[in-house]
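Listed after this line are the structures, all set down as structure tokens.
One chain, chain A, links the two complexes that follow: it is found with chain B in the first and with chain C in the second.
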Partner chain A sequence: MKAYLSDRMGAALLMAPLLLFLGAAYAWPFFGVVNWSFTLPEPGLGQYGTLLSDPLVQSVFVRTLRIAAIVTIVSVAAAYAITVVWVRGTPAQRVIAEFCILVPFWISVLTRAFGWVALLSNRGLFNTWLQAIGFISEPLTLVRNEFGVIVGMTHFLIPFAVFPLASSMRSLDDRVLLAARGLGSSRMRTFWSVFVPMTRSGIIGSALIVFVFSLGFFVTPAILGGGRSVMVAELIYLRIFQSPDWGLGAAISVVLVLFVGALMALVFRYVRPKQLI
Partner chain B sequence: MQQPGRAAEIKAIGIGKSFGSFRALDDLTLDIGRGEFLTLLGPSGSGKTTFLMILAGFVQPTDGRLYSDGVDITERPAEQRAAGMVFQGYALFPHMSVEANIAFPLKVRKKSSAEIKRRVGEMIERVGLKGHEKKLPSQLSGGQQQRVALARALVFEPGVLLLDEPFSALDKGLRGQMQAEMKRLHQETGTTFVFVTHDQSEALALSSRVAIFNHGKLLQVGAPDEVYDRPASRFVAEFLGEINMLPLKGVRNADNGATGLCEDRTITLRGNASAVGGNAILAIRPEYMSIAPEAAAGENGIAATAVASTYLGAATRLDLTTRQGAKVTVSVPNEVAASALSKGNSVWLTWPAEKGFLLPDGGQ
Partner chain C sequence: MPTYRPGPVSLVLAALVALFLLLPLLAVIPVSLTPTRMLAMPSGELSLRHYRALTEDPRWINSILLSIRIGVVSSAFSTVLALCFSLGVWMFQPRFTAALVGFVLLPMVVPPVVSAITLYFLLTSISGVSSFFGYDTWLGVAMAHAVMTVPFATVLILVSLSQLDRRIDLAARGLGATVWERATRIIMPNIKFGIVTAALLSFVLSWEEIGVTLFITSVNAITLPRLMWMGLRDNIDPAIAALSVILIIITVLVLAARSVVVRLRRPN
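Then we have the complex of A and B:
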């Protein structure tokens, strides 16, 4: 009887269920989608032509990139501040920061989106308060537009931006910071010219993760955008489920997947997958 | 080139540091002279690094005051002390080129770009890094990184340069080379150097004075030959190198020294601290002992049997036992060792009267 499997065989066996699942649930259907994009309603590159010429599709792509870029900048900046406290703060500060980072993971994305609607709508908490203190007379339009989408997405994505940053800050050698101070550099200067550059890989990893996530966001923009600030994922949904235009929906999906794939390749050139957890 | 007058003079008075209930440093009083090369020597956990961190301003002492050129700097933050520091592992900025690393302290001081360029250029030349200006620290060898660290710490002409075990990561050959280089930099800059190490040979080779620490206390400070030849305690004697210790009875002062009995022979010591009376420990460095067939009357000597030898290349280390069982080690020429071993019982160990010294019996 063969007592042991070789390591490689063992690893392959352990991986097999996941690979089979991914193959059956993602890869195979995706080939179907690719197939649609070239065959519906008739064989050819027609849908990709539409994609390049249709101003609506293009405006959605441009909006998606713009929102993703803004969300990325705001999320990474906010996450950076939280992470500094989490990794380098006093024990009490660390506990508070950890709480702020982890709690959002326990609340569903739907709940959070509706929570923001409640806070930001015309008769929501913010507008009521701002009117009550006389800061504004007419309610501000904070939701059902790009602003609402950006707020909701940023809130969702900050915790994801934290982990790559935390990993780069943890691996930083404290003596280098001491050295900077010993050489006459103020705390502020040490932060900007030594600490931040030394966490560059974390910033890149964090930014790319948030950006990639943002591109495919569906629920949050659908709820907080109120149909007025449609992003790519929602456009695909509309093309497939509402106007039976499967070919175009499929073509947009293929372009999105290729774009995200290229970005992920870029992520892994800068950051080891291990650093993202 | 720096004016020697810019070198700092440091005075530590009653400095102590506790971490919780652990006393890392206790009641340290020490003057560090202008332009001196002082080594803080001791085993790990002896307080030497804590003292260096206090000098740098990275650690606040719990007691005592620290003065630099007569000014109280105890509470002054590190960035305002202007002490150059070379860390263990160098702590170079990994994202900056060699040039940018060295320019950093000047940029922080808002020097003009022309001055920065000139001084960085001079420093790079001085430490022999020409041609490596644009490289990142990760592209350099250990010795080259060490040079960058030295250049970065010296470029702004600090009053004092603090070095925390800077050579511990280098292999032996390179270490010797860097030591020589550091000695040269010390002479050229005239800056006060405070150097931490646990390597006694490094301490003796480099410094103008050595301060020996143990268990958070400063035990002795003095010139290398002073602490080596006349250690004040058993710990210092043993830490600075191999030492033979023999029990001495009936110790009393004699003219310009002391005498006592060791295994029924009268031993004389000259130019030594006064005897404590009664029993003491006679200490002699192995290199001052020689092997002889006989000891003349009045000469310091003790009979011993050679029990083992270790060939060291240039010399042989010989382990001997005296008649009353004390163990002695000497380093002798190879052929002497061979003949001593073959003769069995009949060798004598002799040493000049001025090379032995007394340690309090059982004292630390």
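Then we have the complex of A and C:
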């Protein structure tokens, strides 16, 4: 009994510092933000009413959902292509694929967004080259619009989409593929009718991770969208710092958390958390 | 031995994706060598002036030093807290473990912009009480970064603990070791690789953190990413390209070193 008690004391003592820290520095201020959404500028549900009726806020939400959906489809498809080689390629192919996945993954989001600016801006690589070979006379507008945002976000999110796909492809039994081939199915048919369906949990997991990430994305849209293609996260920033309307910024944050929470619950109904790592 | 290798179509598609992933990283190299003051492709001569600017301009140097200081403090803090918490979870397996770990992981799964507004609320509230710890102070930034990095440190340490054989701890316990001795002399030496990785990852995440930092700093605590952000938003400073090239080279070297270490640690 004494040992049992001291065990519980030990656990409490070891776990308490982090729990208290996050309770004070994360949970408490989050409720403060929730409180803002109901009290600023005056108590009530006014900010949530604005959320439902303001055409600007609605257009930002619609744009965010549209960009997130496009980015999700493109990222997962691209990640699938490179993950197949990373997991099932020859040793040399695997090393190259791993390098191409991990190096961008570890490089900061600012550097990567800047790389796209260097490539796509009016005086960037693409426009300089295209003009040099006489393909175009005026530079194409490739950044500071939705196209730039989608390219930059897809680039950022492909490595995140790779990991759930890789874990589902690694756990796939080779003999099933051999059986399909042995029964006379072509390479294409084996891929589409056996390989892809058997990695379905990886596809769902990676699509939902990418979608959830892109909903709250801030840095890349702010740099590559150039203030013209505002997404939800940037709208929150603008409401807090440029047109001080903390209540609306807080209300948008609360809605975003609820939406993401619902999506995460959906993830865990279809895929066990362990499969995502 | 996988018997089912990717065919030519897969290889071509994967090569296109690989090119897409590397392209923006390669694009910053020529831009960093441009002799002009604006973002442009170099035409003709190359120049190292933007690299020189990094070492001569006090703004860049101060930001680099500040980012290192914040990174070291926040990484030490979050690693120690994550280590204690993970040891508690592993040694005592308390009830509600899943819920407690889930709570600790929240800053990792909540959209970063929501964490940012939350930490903005926290630091502006503290600012009312203390002027050297709160909004736009380096200690405030370090604390906010610790909140954001502690879930990652916890995950890494919990993963390395999960690979540890419980029987060595049981043996130590049976031989009469106290909780402190078990933790410091039995468990920690066996997970030191995980602890070091957690500290490194926390430092790197703090070093490049921008989403939260933007909300909680204005003029005093200008970290390196914050300074890059300012240079990217207004008119684009090619010194950012030079800095990006250096950061990319460091990343590649560290990843290469890591893969060598991993290969050496593997027995076969």
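Please note the rule applied: the second predicted complex is superposed on the first by the 255 of 277 C-alpha atoms of A that agree within 3 Å, B and C clash if a C-alpha of one lies under 4 Å from a C-alpha of the other, contacts with A are read in each partner's own complex, and residues count from 1 in each chain.
Quick note on the criterion: a residue touches a chain if its C-beta (ideal position, glycine included) is under 8 Å from a C-beta of that chain, and two chains touch if they have at least 3 such contacts.
Worth saying up front: this structure is predicted, and the values here are computed from it rather than measured.
J.: Could you tell me if A:Arg269 is touching chain B, chain C, both of them or neither one (first, second, both, neither)?
T.: Once the two structures are laid over each other on A, A:Arg269 reaches no partner at all.
J.: Which holds for A:Ser253: it touches chain B only (first), chain C only (second), both, or neither?
T.: In the superposed model, A:Ser253 contacts chain C only, not chain B.
J.: Touching A:Met198 in the superposition: chain B (first), chain C (second), both, neither?
T.: first
J.: Of the partners chain B and chain C, which touch A:Trp116 in the superposed model: first, second, both, neither?
T.: In the superposed model, A:Trp116 contacts chain C only, not chain B.
J.: Where does A:Leu14 make contact in the superposed view: on chain B (first), on chain C (second), on both, or on neither?
T.: Only chain C is touched by A:Leu14; chain B is not.
J.: Compare chain B and chain C by how many residues of chain A each one touches, and report the one with more.
T.: Per-residue touch count on chain A favours C.
J.: Touching A:Leu183 in the superposition: chain B (first), chain C (second), both, neither?
T.: In the superposition, A:Leu183 contacts chain B only.
J.: Can you list the residues of chain A that meet both chain B and chain C?
T.: 178, 181, 187
J.: Can you list the chain A residues touching chain C in their complex?
T.: Touch list, chain A to chain C: 6-8, 10-15, 17-19, 21-22, 25-30, 32-33, 36, 78-79, 81-82, 84-85, 88-90, 93, 96-97, 99-104, 106-119, 121, 123-125, 128, 155, 158-159, 174, 177-178, 181, 187, 212, 215-216, 218-219, 222-223, 232-233, 236-237, 240-241, 249-250, 253, 256-257, 260, 264.
J.: Per the contact definition, I'd like the list of chain B residues that touch chain A in the complex.
T.: Within the complex, chain B contacts chain A at residues 56-58, 77-85, 87-89, 91-96, 104-105, 108-109, 152-153, 156, 162.
J.: Help me check something: in the complex, which residues belonging to chain C touch chain A?
T.: Touch list, chain C to chain A: 2-7, 10-11, 13-14, 16-18, 20-25, 27-28, 30-31, 38-41, 81-82, 84-85, 87-89, 91-92, 94, 100, 103-104, 106-107, 109-122, 125, 143-144, 146-147, 150, 154, 179, 204, 208, 210-211, 214-215, 225, 228-229, 232-233, 236, 240-241, 244, 247-248, 251-252, 254-255.
J.: Spell out the residues on chain A that touch chain B in their complex, using ranges where they run on.
T.: For chain A paired with chain B, touching residues are 173, 175-176, 178-187, 189, 193-194, 197-198, 200.
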